[in-house]
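A single structure is presented below for examination.
Think of it as A, B, C and D in the order they're written, each chain with its own count starting at 1.
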Amino acid sequence: MIEKSIQIRVRYAETDQMGYVYYGNYATYFEVARVETFREIGFSYKEMEAAGIMMPVLEYKTKFIKPAKYDDALTIKVMVKNQPSVRILFEYEVHNEHGELLTVAETTLVFINAKTGRPMVPEAYFKSRMDRFFEIDKNN
Amino acid sequence: MIEKSIQIRVRYAETDQMGYVYYGNYATYFEVARVETFREIGFSYKEMEAAGIMMPVLEYKTKFIKPAKYDDALTIKVMVKNQPSVRILFEYEVHNEHGELLTVAETTLVFINAKTGRPMVPEAYFKSRMDRFFEIDKNN
Amino acid sequence: MIEKSIQIRVRYAETDQMGYVYYGNYATYFEVARVETFREIGFSYKEMEAAGIMMPVLEYKTKFIKPAKYDDALTIKVMVKNQPSVRILFEYEVHNEHGELLTVAETTLVFINAKTGRPMVPEAYFKSRMDRFFEIDKNN
Amino acid sequence: MIEKSIQIRVRYAETDQMGYVYYGNYATYFEVARVETFREIGFSYKEMEAAGIMMPVLEYKTKFIKPAKYDDALTIKVMVKNQPSVRILFEYEVHNEHGELLTVAETTLVFINAKTGRPMVPEAYFKSRMDRFFEIDKNN
């Protein structure tokens, strides 16, 4: 299992006139959380894309429990619970600085060969770095 | 049942370097579709909010089947299949000008009294205008 | 001289907690206005880019006189006063439905050959369609 | 004079299909830079707004010299060269991690009493904390 938390400060641009973070903007927070998780694991999404592998989002679900507000220092927790193959499932929890759970979400992404447009298992760039996180689970 | 379709032209700002509409931007398309559906039914979301009723999104799910691209003239079809009470469920389908289904989604919104912060049934502003769309279903 | 007006309805996503259109979002309105002006002149920015010509923005200036608000039906007036060469200067005025002037702005864009990354005069795709708008000025 | 630099990592959502940061998104970077400058000086823009003082942008100018790209770690340098009164002028420089100057910009903001909608000098919340940065200039 992979687990990581990142901090994001809510920008004024991300609020709406309700005084909340606009519901569409969480998608960006989750993107940042995914990319920083990748960076910590030791590889760069930017380089992967430059090498011809894209990761579009297939599915996105989110529940809004409490609103995030301007200038909140949010903690975005990312979890990858199952070993990825062609697809990878990320789960997220968003808490504010008072420890309140604001949002839960999940996204399913797919590895795509940018030339052919077809799904692929990204051995060289990804799998080798990911596998060690799931070895314990395998043995059980 | 309420059903309405609106047209949205993809803006350059909404694309990302993959050449697709960024997955977070569909939330805005669905917001526009909801508001235009309300306008056609005969009431204004803006006025409702000015009168102290807010409609935050509780839940949002979307599946990305094919990417939307820059300058695509998208058709966003909105459906409200069940008579709303405190909550209202919107379902969406996004097609491009070639008739391809790109995205399906749903959002659940809740009517909130802005003063108390509590859920409410918005009789005056909403229910009377909505009810006629669901009368046939009732009789069956 | 080229002159065109387009209508844009302010989206909820574009407001901020001040209840105004966030100042960064006008750039998108001006982009839409430019693209629709191009479309009316008879050519497509999308096709131009597909043919290897890009138009990044070099300079952008804007004055905010009165705020635009949620659901406002804005009129964006675009003007190209001088015949474009490698660069093209667009001027903008934003009015709301009460005829109030909200914003004035200008952007300078440059035609770039996407392969070489160098500025260019886009004869085939642009100049022929633009020239007729500036012929009267030439004769004076 | 006030001077501060902050770091911003370019998000995927902020790119466009040209592969650059969309020109409208710099406004958000500058907003973040202003707010973090305020925080370092010792006061919170959020609290100021909660206390009834708003700071809308009056004027915004920017020159795009080189494009910022996805995942770039940008340095946004903010400068306030003249002691603010009712208005405050921020100047900005954006560099990438190679030290290249990408963008220069300036914004003029005004302090507004949220109740009256009129410009004001924000003594209690701002001026006392700002004045020390400009005392040397005064003496010259």
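The rule we apply is simple: contacts are C-beta pairs under 8 Å (C-beta built on N, C-alpha and C of every residue); 3 or more make two chains touch, one makes a residue touch a chain.
Small disclaimer: the values here were computed from a predicted structure and weren't measured.
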| item | value |
| --- | --- |
| More contacts between chains, A-C or B-C | B-C |
| Mean-CA-position distance for chain D and chain C (Å) | 25 |
| Chain B-chain C separation of Cα centroids, rounded to whole Å | 29 |
| Centre-of-Cα separation between chain C and chain A, whole angstrom | 35 |
| Two or more partner chains touched - positions in chain B | 12-13, 17-18, 22, 24, 27-28, 31, 49, 70 |
| Pairwise touch network: line, ring, star, complete, or other | complete |
| Chain D-touching residues of chain B, taken from the complex the two chains share | 12-13, 15-19, 22, 24, 70 |
| Contacting residues of chain D [partner chain A, same complex] | 9, 11-13, 27-28, 31-32, 35, 44-46, 49, 70-71 |
| In the complex with chain C, residue positions of chain D that touch it | 17-18, 20, 22-28, 31, 49, 54, 56-64, 67 |
